[in-house]
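This report concerns only the one structure given below.
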Amino acid sequence: MFSEAEAKTKSPLAAAFLDERSRLNGIVDEADNKLLKRIYNVDHNAYLEGALPARTKELMGLVASATLRCDDCISYHVIQAWRLGCTRQEQEESINVATVVSGTIVIPHLRRAYALLQELYS
Amino acid sequence: MFSEAEAKTKSPLAAAFLDERSRLNGIVDEADNKLLKRIYNVDHNAYLEGALPARTKELMGLVASATLRCDDCISYHVIQAWRLGCTRQEQEESINVATVVSGTIVIPHLRRAYALLQELYS
Amino acid sequence: MFSEAEAKTKSPLAAAFLDERSRLNGIVDEADNKLLKRIYNVDHNAYLEGALPARTKELMGLVASATLRCDDCISYHVIQAWRLGCTRQEQEESINVATVVSGTIVIPHLRRAYALLQELYS
Amino acid sequence: MFSEAEAKTKSPLAAAFLDERSRLNGIVDEADNKLLKRIYNVDHNAYLEGALPARTKELMGLVASATLRCDDCISYHVIQAWRLGCTRQEQEESINVATVVSGTIVIPHLRRAYALLQELYS
Amino acid sequence: MFSEAEAKTKSPLAAAFLDERSRLNGIVDEADNKLLKRIYNVDHNAYLEGALPARTKELMGLVASATLRCDDCISYHVIQAWRLGCTRQEQEESINVATVVSGTIVIPHLRRAYALLQELYS
Amino acid sequence: MFSEAEAKTKSPLAAAFLDERSRLNGIVDEADNKLLKRIYNVDHNAYLEGALPARTKELMGLVASATLRCDDCISYHVIQAWRLGCTRQEQEESINVATVVSGTIVIPHLRRAYALLQELYS
């Protein structure tokens, strides 16, 4: 498994995303909202190894994120899937499922996802 | 791999859904809209064996469908995943990812999905 | 222009939809909520003849409704577009735009729309 | 505070909804999915008395549900808000906020909500 | 009640948002589209004091905006709720309802909302 | 019909959007994903002259894009409709339909659309 630091070294887009995400999560942490912490915790648990492997769940997180057209969420799961060793082709096929289900409205988001994929898999 | 007929024998909910879907697809077929046929064809191809196994893609179709809260789409992919040999636990974990990403608004739909799962896996 | 009564004579699906819509609108009218009445009024005005013909706007209402996957809204605009003399082909092409933009998640809804189109244009 | 039983006595629509919800929740309970149970638990906690009163949170749940156009969720929060003593006018104003933000696509859902409000507040 | 100017003095994020919003609203005003003006007017009226206090309605606007994941709308209602004297805890609980209902897809947006809350309530 | 180059000369906003879109499409092209190419192709065909004129379909693409609140998609169809000779009033009425159907959540996006319209039609 690759580290976040390795993702940041490999891809300037990943670095910019992860740094801003980390800065903002710091602000959320400071607020110390109990219910929100539980939501973060449930979120964390949904992607753990289970009947399905963690790498499949990250790709499913990518499908859900692309389906709902959330750039930050797409970037996050693309990076996580890369860290867990998913191939570029697996990522593209996951994005294809989301694009077929959710339509061409996904295209502006997949364009940005492909820019990130290009950096991570170069 | 199980047939549609086996799904219908096992589950009255699957039978009711598949029969109505088949009846309405007959009406769509008659209309013979060229662009729509191509959309159906692209849709079909998105779930074929590739870098990812067909069964994983069906579960991803389930994730996308639950994320977007479409009962018919959920039923379809639950049945397809069952036909391809996915376990109930794999189906539940897929629905969990969708529910975490898309929220409790998914719950009324997962309730109905669990009723279908109960019949298919009993 | 055809009347609602003619739509109901031609199509049992249209009749069932329009009767239930009318019954529920009666309940809303009784409540006499001032802001809601203004929303209904703005809604009415959005589809009036202007720089674009009313029939084009009804087809646009159909596009928006199919895009957002609302069966009742789709039925309403399909009937309105039929009443204003739109052809079946114009309705299908409008639904195609929505299905391409919003994806295969629209398909269960367009199936039901095609059943209504079949009755209205037979 | 009124009980669920009182809601069911007052309103046939509430009774039908709550009975079906209860039946399906029984099926979900049987499956005993750990992550899903935690989601249900977080959901429960989000509506508890806090800086905001529980009744305001139920109305906010109604706003979120109407915004996302989920009939079951709307019915649930309308009933909960009624049980906690919210007035009909408060419920209507909450629905108005959702309808203004999320548009006329909400109207088919608010029609059904008004039918439920009529029974509960008669 | 605090003024927009006070919000801008307190928070650079609020200032940047409100200035850009004001610049773009100037362009919309110039176009002088009659129907759009009526939509703006209905929007304005939905948040006025009524059976529910204006401050509760602003928090409901925040719930709807977070539910639909619109950064600009979230910023607007966070600022309005601050101007009307809502506490930070009330804002966080409103965002919690939206996040529970609409899922972790809301998280990137609530991160940015928390950055704004931090400035306004410091 | 106007060319993309003419749109870029007339409007700095169009130029910035089209250049970035072109750059990212280059990255997508390089990846050479077969299914995605078919999706692009179906997308292209949905807007071709048919029972409905191409210009009407571009306006419908605008309606669908504004309904789903996708800035890039809105910019694209506004530019395409301008290139095909649609008037500003036709574009505004199309946006009005989307805003009425999809609500005030569309307003931040239409503000940006109006800035683009102002440049293209000045």
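Each chain carries a letter (A, B, C, D, E and F) given by its place in the written order, and its residues are counted from 1.
Just so it is clear, contacts are C-beta pairs under 8 Å (C-beta built on N, C-alpha and C of every residue); 3 or more make two chains touch, one makes a residue touch a chain.
Here the structure is a predicted model, which is why all the values come from computation and not from measurement.
Repeated interface: D-E and one of A-C, A-B or A-F share more than half of their contact pairs by residue number, and that pair is A-B. Judged by shared residue numbers over all numbers used at their interface, chain B and chain C contact each other through mostly different positions, with under half in common. Across B-D and D-F, the chain pair carrying more C-beta contacts is B-D. Each chain gets one centre point, the mean of its Cα atoms, and the points for chain A and chain D are 33 Å apart.
Inter-chain centre distance (chain E to chain F, centres taken as mean C-alpha positions): 28 Å.
Averaged C-alpha coordinates put the centre of chain B at 38 Å from the centre of chain E. With touch defined as above, residues shared between interfaces to two or more other chains in chain B number as follows: 35, 39, 42-43, 46, 64-65, 68, 73, 92-93, 96, 99-102, 104-105.
Within the complex, the chain A residues that touch chain F are 69, 92-93, 95-96, 99-100, 104-105, 107-108, 110-112, 114-115, 117-118.
Listing the residues of chain C that touch chain A in their complex gives 99-106. The residues of chain D lying in touch with chain E in their complex are 42-43, 46-47, 50-52, 56-57, 59-61, 63-65, 67-68, 73, 87, 89-90, 92-94, 96-98, 100-102. The touching residues of chain C, counted against chain D in their complex, run 21, 24-25, 27-28, 30-31, 33, 35-36, 39-40, 43, 64-65, 68, 70, 72-73. Of all the residues in chain C, the ones that touch chain E in their complex are 35, 38-39, 42, 45-46.
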